[in-house]
Amino acid sequence: MKRFSWDEMMNRYPAFFAIILLVVALIINFILQPNMFARDTLNSNMRVFLPMILLAAGQAIVILGGGIDISVGGIVSIVNTILATQVGLNGSPEKMWTFVLVSLGAGILAGAINGFFIAFLRLQPIITTYATSFLYVGFALFILPNPGGGIPAEIANVYRNTTPLGLPLAFYVIAVVLLIWMYIRSTRFGNYLYAVGGNAEAAYETAVPVTWVLFSTYVVSGFMAALAGIAITMLSGSGNAEIGVPMTLTSITAVVIGGTALSGGIGGVAGPVVGAITLGIIQNIISFSRIDTWWETFVKASIIVVALAAPGVINLLRRKKV
Amino acid sequence: GTPATPTTETQATQPPQTGQQPTQPPVESKGPPFTIGISNPFISSEYRTQMIASLIEINKEYMAKGLTTELVIESADTDVAGQIQQLQNLMAKGVDAILVNPSDVNGLNATLQEAVSKGIIVISVDQELNVPGVYNVGIDQKEWAKTSAKWLAEKLGGKGSIVLIEGFPGHPANVARMEGVDEVLSQYPDIKVLAKDTGKWDEATGQQVMSNFLAAYPNLDGYWTQDGMAIGALQAVIAANPAKFPVGVGEGRCQFLKLWEEVLKDRPDFETIAVANPPGVSPTGLRIAVNMLLGKQVDKSKLGGVNGLSFVIPVPIIVTKDNLQQGLEICKDKPDAYLLDGIMTDQEVLNTFFLK
Amino acid sequence: MSVSLSARNIVKRYGGVVALSDGNLDVHSGEVVALIGANGSGKSTMSKVINGVVVLDGGQLLLDDKPVRFSSPQAARKMGIATVFQELSLVSKMTVADNIWLTREPLKSSGMIDRKLMWEKTEALLDLFSGTFKADLKPATLVSALHPDEKQIVEILKAISLNPRILILDEATASLDSRQVERLFELVKRWKAEGKAIVFVSHRMEEIFRIADRYSVLRNGKTVGQGDIKDITEKDLIQLMTEKEKVFQFTKAASGEDTSGLDHPIYLEVENLTTETLRGISLKVRQGELLGIGGLQGQGQRDLLLALFGDIPYEGKIRIKGEVVRFKHPRQAMRKKLALVPGDRAKEGLLYIRSILDNFLLPSWQNYGFPLKMKLAKRDALTISERLSLVMAGLMAPVSSLSGGNAQKVVIGKWLLRDPDCYLLDDPTKGVDVNTKAEFYGLLTELSQQGKSILFYSSDDDELIGLCDRVIVLHDGKIRAELQGASLTKENLIAASMGVSNGGEA
Amino acid sequence: MRKFSISPPVAAILLAIVLFLLSGFLPNGFGNDINVAIAQATNIVRLAVFLGVIAAGQTLVIISGFEGIDLSAGAVVTLAAILTYVTVKGEDDKVLLALLISLAVGALIGFINGLGITFLKISPFVMTLGMSGVVTGLIIIINHGNVSGKVAPIMTRLIARPLSPDIPIPNAIIIWIIFGFLMWLLLERSTFGKHLFAIGVNRVTAKLSGVNVTATNLAVYSLAGALAGFGGFLLVGNTGVVFINLGQPFLFPSIAAVAVGGTLLSGGKGSYWGTMAGAIVLTLITSLLTTMQMPDSVRRMVLGATLLVMISIYGRQRGFRQ
């Protein structure tokens, strides 16, 4: 009997495969673009990846708890339109801070609405958040019907160009996110998350406050989506009610590439963070490999499918050998 | 209704911003061949595929002359962050000029300015931006819409009930166009707009919306719509088969012209109009970029737009019943989704926009 | 820490099903109360009422003579009530330690879980059952990697780690082997001495009489008798449970004759069967023979049946009526007229949310043409349900509305519809009440008289001895003994199970 | 609390009727004109046909359980429409060939989905999402020169026109009714259907009862692909033209239609006629919102809220505490 095997390891280090994938992607990217680790290149890449990294981290929490959040893009849009309309292109840093707080509140509120319907009314997550995604994008359009507005360029530049100790700002944000996750992972709440995602009924019988745990995952996701919304607003400097919409499905792909199972209870947040970076790097690879334009979409999607399939192929080969 | 990827099919004028003066860094004198980058964040539309295809085609001319290298094209469906990444990658590849079809009117500002500050010539095609140093190349959306709206009003003899099917509400191009339509209609008080809805710039939705309208208003006199939705609307009319076909606005696409020809067989009195919305503005933009790289001086007095850096391209072709055959002639060996186009020649570009 | 708990006139309905109509239970410090009843009589429901998992529709709970109302399992736990759930309450993707200490993880001052301490505490708990499980059951093992008996032990440890005042054991012994049951009983005695109050649910009479002080009998959701165990006989208890007079007598054990059917042709022949847990099994089964499979839990019995049914890969040779077969999928085995009643009916035998009809017909739809002849299908299903005296609201009711024993009848019934030649039975009477058990025994005897071959694994030694023509005892993936006729005694069976060979031949 | 029990499909249809009658009072509704009312009702059902057919495959994969979902349906619809368009070239006798090609290509794509899902254990959500990208990539490769073709007159007559000038029932509706009957046969009166429900509930039980789980799962995804292909074929018969984004707008509504129709998103339980009802309700709401002349933002919010209310009524999952 080999109980401490591959499965055990994948369970313990869910990000393992995601990291291998990232390293492979980085190596390919480096071959194609030798200056990719130069300070400027690194920074310009990381600041672009950061919104998706934050979004994927929040999505990962929901998915770990056994749910899914299709409304994160809508929340990003709300935050973006709030900042773009309320701070404005000529706003002051104080105003920015105020509305950053308001945005975070809005994200938490939106997450709480999802959580209320899913945890307390026990509606199915995928269709509920699909419905609320209409609410949220609709609300964003209500705030800002036509693209426009924005935040002051100086504030956006802080986001774009801050590189403490020569490292991109995003590195620090990622480090903070991962540290917080590692802490949460080793608290009771972390255990609750895995228990609820793994077997909600057993968790309930064990006196885990299942409803509140579920609720909180959506609140966390709403909060992280708000952070992502702030990041993308800082990146783009402008307002557009549809800005978040295409981000939702990417965030789910990032989570899965990061080794967190959609069935819940397996994985973590580090993997999805790595997954989000990997997706960005794949885009770079496509861009620097000079493949025929018309093949770009196809090749990119195929690479993603192959990346998703790789763990399965390895498992299949392993099983054959046994 | 899905929160779909915004169909940035067309360009726009944009609400004027605080008057910033165009700041143009000196273009380094570097000889040919030049490398030109393309950033396109949305490829799932025929307008865009035709745009990319004709860019590649036109660039071949310059390559043959040794003026440019192969285009560096970044073209895939992506979001705002993705397009910023596209632009950053183009900069990292050291291109001399960038043609960008922006997915967001302001979202790329900082990135584009960075490119401008690196001495790269940046041209926004199909969508007017207000960024210092960034040129715009495209048609005048408002005028474009007014052409067909005026035609419709006159065909109706200045009275009747109509419906409007617009593109994405809030999309700059749509906003400009609807402004134009409103402007025209305000001069015809006897034309009543019964309803207005979005067809999301796609044929199927346009068809769906039009069938709803036809069910609710069986005695419609006319309808105004734009782009791909027009063919959907006409299909809906054909399916509903009302006693009298409403007068409708069409589009400059071969498919539409062929359908039009077919309808005329049964309904010889059917009236519609097709005003081209040419993807060719992008290759025209490419010509402008190459000439600028070659050191030719732009005649600033010929430029307009919000930041005074817009090259306004005239609408190349308008098809009505009178010249339908001519339009069909163009379509003879073109694919069905082909949009009636017009790419200015090098000479036309030089004559129109550059100092002699 | 003296404690007493009383449930008075409890009513609990699930939709239209009345699970409890007048449930009563009293339990005090230092005593074990056996909660007894046929399948579906409401024992598990009573447990869930006490521990706050369900909302009661009527009646009253008194804790230390004061009325209480639990709004959630948390509330009940705060009052010192812990439960071993019949269907277990474990999260399989988490480790043993994480499962046991879930919600009560030892924390460091930083608020982080002290995993080291948690593992040590888990080790200490595991020591309670040391020697009765494999060495690779460690605090950090994933529950999904455990065998059913090990999971059951973890579930028990999880409840006891709460140091409860009241402990409910809902069929906690059902998947334990005799050694493990022994250990549990030693512990129960200790807990009793410590003043804990224990509610013990089991279908095994022998266990009840060994461990319980008092009893409380449920019949159709109603408490029909309570009292001291020493004042009642097994026969009376069973009568209370069943209302009926008739209690099953094992025919074979009673007649004492050797019925191995030497004259019948050999149906199934297995040569050197090897899988992950089996290490070379060879055996022969004749037509009409009822071959018992014994041994402790997890000695390869399950693998043997699954391999024969084509569900898991194997090495070795299998012959059916002399013809070599190699099944890669159960449907191939079914074509050769084999049937399998799996060990875990909820997870392997039933489609819970589908109708009884759909469950009965699942293996047989191919025989009903296209479009399916539904009338015929219903008639056939009805015939089977009558033959099994299935208690149900109707064929279209979901299986989830049936009690455990009746659900098990559906698992067997779906095979009767195909009339197989050979039945592979994986502990089919687990968690089934005496009455239903008797019906099963009758059915098995009938089937073997019809010439069907039956491989019958049971965790209940009495069943094997009383019912089978011959019993093979597995130990560590090998046949340790083959008992038959005079050698088929409980002593020999137990000895062989433990790996001691006395009597029979290996 | 006595639960009033009404099956979701019935509820959906009742809701549709009530909404429709109420819409008569709207400013632009049918008022008192019975002819307009009938025309509108017919039109709504006709429009629902395409959503309904595209949602058929979705119904099957959702019933098959294990998070079954087909996010590639939109792209497959487009691909099938394009292939039909270029194959038929306006000739009636090529229509059958085009139909076969649509079905076959759809089935092939579905089969590949099935392979990834069953053998490589890729979650259906991301597998089909990735495949959607791959198919879109293919479409762009095929389409970059744009395509030439034409729908055959017979297709237009059979799909987009009424039965006869005197009987104003659109043919599409007749096709849908026949299609619905076939789906019922498949789901309720065939061995395949019974096996499909079985694998949706419990795959171990299914296997041990002789169901070929792998084959059934592969068949479901292939069939879903083929049905999406059929949807594309019908759709192009209605629109008469093709374009890259033809199918995508139908994707998420198809999932919503299944959910509104009462099919359990967790699998094992559901019906196609529920999906038909769901498609009608969704189309009706969209049409109503069109008639109501509100800004896009408000419309989206109303749509989201309506969806939420509908799934709150009967989409609730069982609670842990009973």
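All chains are identified by letter, namely A, B, C and D, in their written order; residue positions are counted from 1 within each chain.
Basically, a contact is a pair of C-beta atoms (placed from the backbone, for glycine too) under 8 Å apart; a residue touches a chain by one contact, two chains touch by 3 or more.
Please read all numbers here as calculations on a predicted model, not as lab measurements.
Asker: Using the contact definition stated above, find the chains touching both chain A and chain B.
Answerer: D
Asker: If I rank C-D and B-D by number of C-beta contact pairs, which comes first?
Answerer: Between the chain pairs C-D and B-D, B-D carries more contacts.
Asker: How big is the gap, in whole Å, between where the Cα atoms of chain B centre and where those of chain C centre?
Answerer: 72
Asker: Report the inter-centroid distance (CA atoms only) between chain C and chain D in whole Å.
Answerer: Centre separation, chain C to chain D: 44 Å.
Asker: I'd like to verify one number: the distance from the centre of chain B to the centre of chain D, where each centre is the average of its C-alpha atoms, in whole angstrom.
Answerer: Between these chains, centre-to-centre, one finds 33 Å.
Asker: If you average the Cα atoms of chain A and of chain D to get two centres, how far apart are those centres in Å?
Answerer: 30
Asker: Going by the contact rule already set, what residues in chain B reach two or more other chains?
Answerer: Those would be 1, 3-5, 43, 52, 77, 169-170.
Asker: Which chain A residues touch at least two other chains?
Answerer: Residue numbers touching two or more other chains: 133-134, 137, 141, 145, 201, 204-205, 241, 294, 296-297, 300.
Asker: By the touch rule stated above, which residues of chain D touch at least two different other chains?
Answerer: 136, 140, 144, 252, 295-296, 299-300, 303, 320-321
Asker: Judged by the touch rule stated earlier, which pairs of chains are there in contact?
Answerer: In this structure, the chains touch in these pairs: A-B, A-C, A-D, B-D, C-D.
Asker: Help me check something: in the complex, which residues belonging to chain D touch chain B?
Answerer: Residues in contact with chain B: 28-30, 36, 39-40, 42-44, 46-47, 50, 85, 136, 140, 143-150, 160-161, 170, 235, 238-246, 248-253, 286-287, 290-291, 293, 295-296, 299-300, 303.
Asker: What residues of chain C sit close enough to touch chain D in their complex?
Answerer: Residue list for chain C touching chain D: 14-15, 53-55, 72, 309, 311, 329-331, 334, 340, 342, 347-354, 358, 361-363, 365-366, 368, 370-372, 374, 414.
Asker: For the complex, which residues does chain A have touching chain C?
Answerer: Interface residues on chain A, with respect to chain C: 1, 3, 8, 11, 183, 186-188, 190-192, 194-195, 198-199, 201-209, 265-266.
Asker: Taking the complex as given, what residues does chain A use to touch chain B?
Answerer: Within the complex, chain A touches chain B at residues 33, 35, 41, 44-45, 48-49, 51-52, 73-74, 89-90, 133-134, 137, 141, 145-150, 153, 156-157, 160, 232, 235-243, 245-247, 250, 280, 283-284, 286-288, 290, 293-294, 296-297, 300.
Asker: Would you pull the chain D residues touching chain A in the complex into a rising list?
Answerer: Those residues of chain D that touch chain A are 67, 69, 71, 116, 119-123, 125-127, 129-134, 136-138, 140-141, 144, 252, 255-256, 259, 265-266, 295-305, 307-308, 311-312, 315-321.
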